[in-house]
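Note that the chains are named A, B, C and D in the order they appear, and that numbering of residues resets to 1 at the start of each chain.
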Amino acid sequence: MRAIVIHLNGSRTPQVPVTQTQSCCLMAAGLECVRDDRVLFSDLAFRLEPGQALLLEGRNGSGKTSLLRILCGIRYPDAGTVSWNGSDIQRLGADYYQHTAYVGHRDGNKLDLTAQENLAMARALGRPGKVMPPAALEKVDLYGYEDVLTRNLSAGQQRRLALARLLVTDATLWILDEPFTSLDVHGIRIVEELLEAHTQAGGMLAVTSHHAVNLDRTTVQRINLSA
Amino acid sequence: MNLNEFLHMGGYAFYVWTSYGIALLILLVNIIAPARQRRKLLTDIARKARRARREI
Amino acid sequence: MFNNFFHKMASPKYFYRIAGSLIPWLAGACLLFTLAGLYYGLYLAPPDYQQGESYRIMFIHVPAAWMSMFVYVVMAGAGAIGLVWRIKLAEIMVISSAPIGASFTFLALVSGSLWGKPMWGAWWVWDARLTAELILLFLYLGIIALHGAIEDRRTAARAVAILTLVGVINIPIIHFSVEWWNTLHQGPTVTRFDKPAIHISMLIPLLLMAVAFKLYYAFVVLMRARCELLERESNAGWVRELVESK
Amino acid sequence: MKCDSLTRAFTLLIRRDLILAMRHRAEMANPLLFFILVTSLFPLGIGANPNLLQAVGPGIIWVAALLAALLSLDSVFRSDFEDGTLEQYLLSSHPVSVLVLAKVLAHWLITGLPLLLVSPLLGVLLDLPAAGIKVLFVTLLLGTPVLSLIGSVCVALTVGLRKGGMILSLLVLPLYVPLLIFASSAVDTAAAGLPVTAHLSLIAALLVLALSLSPFATAAALRVSLS
C-alpha cells in the first residue's frame, strides 16, 4: 500500500541531501503508519520548503490525520523519520514547536473563555507573533466578538477562532486538519486568503481537506494516501 | 517417617498442603495459559492468511 | 560484536526463535530445582523447634515474596529501557511480566495467610510485610487493568512502562511507611517472620526453591513474550513464514 | 526573553484555569461538599463517643481528603482533552512539564485549598484537640499538593480512556498510602501531645519528591496518552 507522491512542481524524487540546503525545510523519509494491524501507508517521503503547501488527500480512514499527527510529533511513526532543518523532530521537541502551529480535528478552544482569552492563551503557549488577538480576530472576520464566550459562537465562527490562533504566534509551519469543516463559502474564502498570504510570506502548510483547496499562487504538493 | 506421618505434617497438614496446592495451581495456570494462547494465535494467523490468499 | 548481538536479540524474529529454544531448557532446570527443593524442604529438613512442621510454608512464601519484588524491579528496568531507547522487546517484557508478578504476589499473600493462621491464630494480621505485599498486589492489578483498558498495544505498553516507573519509586517509600506504621500501631508483640539466623538445613531448600522460582519466571515470561510478539507482529513477514512452514 | 515568556505562559495558564473554575462554581464545590459529607457521616455510622471519634478522627479526615482528591482528579485534564486544548499544550514551545505544573497548581488552588480551609472545622466536629487540629492543618497544607501531583500522573495515563474513572482509583490510591500513613499518624501523635517534627519532615520530603518528579512523569504520560 504505497502512497503515490505527485509533485506539481516537477521533480518526482524529493531526496536532496540535507546539507545542501540551509533554508528551513520539513522532510519526511520512509514514514510508515500502522493502525489496528492495518498498514495505512509505508515508505512515504516528501520535502516541504518555504512557500510550499502539502495537501494530503484520501478517503476517510486512509491515514491523513495520522500523518498530520506524525508531522506534529504527537504520534510516533512506526518507521521512518520526520526532520526539521535536518534534525529529527522528536529530538528537537519544543525547539520544533516554536516554528509550528496546529489546528486539529477538535478546535482546541475553551468554550467557557471569550474569543480574546482563547487567543491570548494560544499566543502565550507559542512564540508570540506581531499580530495581537484583536487584529487576528478581525482577519478571520470575528471583529466585535472579542468578549463573547466561545460557547455562544456558531460552529463556523468557532472554527475561524481556532484558525485565528495561527496568526497570533510566529509560526512558519501550519499544520491543519480539515480547516474548512463547518465553514461557509465566505469563511472558506477568508481562510484560503490566509493560507495563501502565509505561503506568500515564506510560510509552509500541511493541510488535509475534503474540499478542493484553491491555492493558485502557491506551489502545492499533493499526496494521495488512498491511491 | 512413614507416608502417613509425612502427610499429616505434625498437625499442620491443612495449612501446609493447601499452600503447596495453591502454589502448584497458580504456577501451572501461568504455564498453560500462554501455551494455549500461542496455539490459538498461530491458528488464527494461519486462518487469516488463508482468507487473504483467497481474496487475492 | 556485542552491539551486533544486541541488535539481533532485539529483532523480533531472532528473539522468537531463541526464546523458543531456551524455554524447554529453562523449564527442565526449573523442574529439577523444584523437585530437589521439595525433597529437601518437605522431607529432609527437620521440623522447626517453635513452629513445628508449619514453617515448611516458608519454602513457598518467601521465594514468592522475593519474586514479587524482583519481577517488579525487572519490569521497571525493562520499562525504562523501552521508554528511553524505544525497544519493542523491552515494552513486551514489561507487560508479559505483570501477570506473573501479580501471581507471585498473590501466592505470597495466600501462603502468608495460611502460615499466619496457625502462628497468630488469625487469617490476616496487619503485619508490615503482608500489608506492603497487599499494596504491591494493587500496584500490579493497576498495571494489568491499565494495559487492558488501552486499546492500542504500543500506547498501552508505554503507558504501563511509565506507571511501573512511578511505582518503583514508590515501593521503597511504601515499605518504609508501612514498617513505620506497623511499629507505631502494633508494637513488638506480633510475631515476625524474620529470625536472626536460619539453620543450614532450612536455608538449602529455601535457596533451591528461590532458584526454581527464578527459573520459572524466566521461562514463563519468555512464553508470554512470544505470544505478545506474535499478536503484535501478526502482519510481519516472519510471522507469515512461521505460520506457513507449519 | 524565553524565560520571560515561559513565566507568562505559566501564570496565564493558572489564571485561565481559575477563570474557568469560577465560571463553573457549582462543579468546583463538589469535592469540597463530598469531603464534608463523608467526614460527617462517620460519627453517624460508628457512634458519637468522643474518645472513639478522637481516636479515628485523623484517619477519617485524611481518608476523606484522599477520596475527595480522587473525585476531583478527573477534571485536571479531562475537559482539556475533550476540546483539544491538551494537544495545544503538547505542541507548545514551552516545556510541557512546566505547563503541567501550572495545571496542577491551579487544580490544587481550586480543590486542595478549600479542603485545607474547612479542615479545622471538621477537626472540631470530630472532637480533635487544638494541637491535633493545628497539625492536621499543616499536614493538609503539605499533603494536598502531593495528592494533586501524584494524581496528575495517573490521570494523565487514563485521560484518553472512556472508562478511566474506575482504573484511576486503582492506580492512585495505592500510591497515596505513604502519605496517608505519615499524615494521619502525625495528627494522632500531636493529639497525644508528642512532637511531630519527624512526621512533618517526612511529608515535606514527599512533597519535594513529588514536586520534582511528577511533572516530568505527567508530561511523558500525556504524550503517551495522546499518541
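Observations on the model:
What we mean here is this: contacts are C-beta pairs under 8 Å (C-beta built on N, C-alpha and C of every residue); 3 or more make two chains touch, one makes a residue touch a chain.
The structure displayed is predicted, hence computed values, not measured ones.
Note: the chain lying farthest from chain C is A, by mean C-alpha position.
A separation of 53 Å divides the Cα centre of chain A from that of chain B.
Between the CA-based centres of chain B and chain D the separation comes to 43 Å, rounded to the whole angstrom. Rounded to whole angstrom, the centroid-to-centroid distance between chain A and chain D, based on C-alpha atoms, equals 37 Å.
If you average the Cα atoms of chain B and of chain C, the two centres end up 16 Å apart. Multi-chain contact residues, meaning those touching two or more other chains, occur in chain A at positions 76. Counting partner chains per residue, chain C has residues 234 touching two or more of them. Of all residues in chain B, none touches two or more other chains.
If you check each pair of chains against the touch rule, the ones that pass are A-C, A-D, B-C, C-D. For chain A in complex with chain D, the residues that touch the partner chain are 69, 72-76, 94-95, 97-98, 100, 102, 104-113, 117, 120-122, 124-128. Contact residues on chain D toward chain C in their complex (touch as defined above): 153-154, 157-158, 160-161, 163-164, 167, 170-171, 173-175, 177-178, 181-182, 185, 206, 209, 213, 217, 220-221, 224-225, 227. Across the interface of their complex, chain C is touched by residues 1, 6, 9-12, 15-16, 18-20, 22-23, 26-27, 29-31, 34-35, 37-38, 41-42, 44-46, 48-49 of chain B. Note for the complex: chain D touches chain A at residues 5, 8-9, 12-13, 16, 19-20, 23-24, 79, 82-85, 87-96, 99, 223, 226-227.
By the touch criterion stated above, chain C contacts chain D in their complex at residues 83, 135, 138-139, 141-142, 145-146, 149-150, 155, 158-159, 162-163, 165-167, 169-170, 173-174, 176-178, 180-181, 184.
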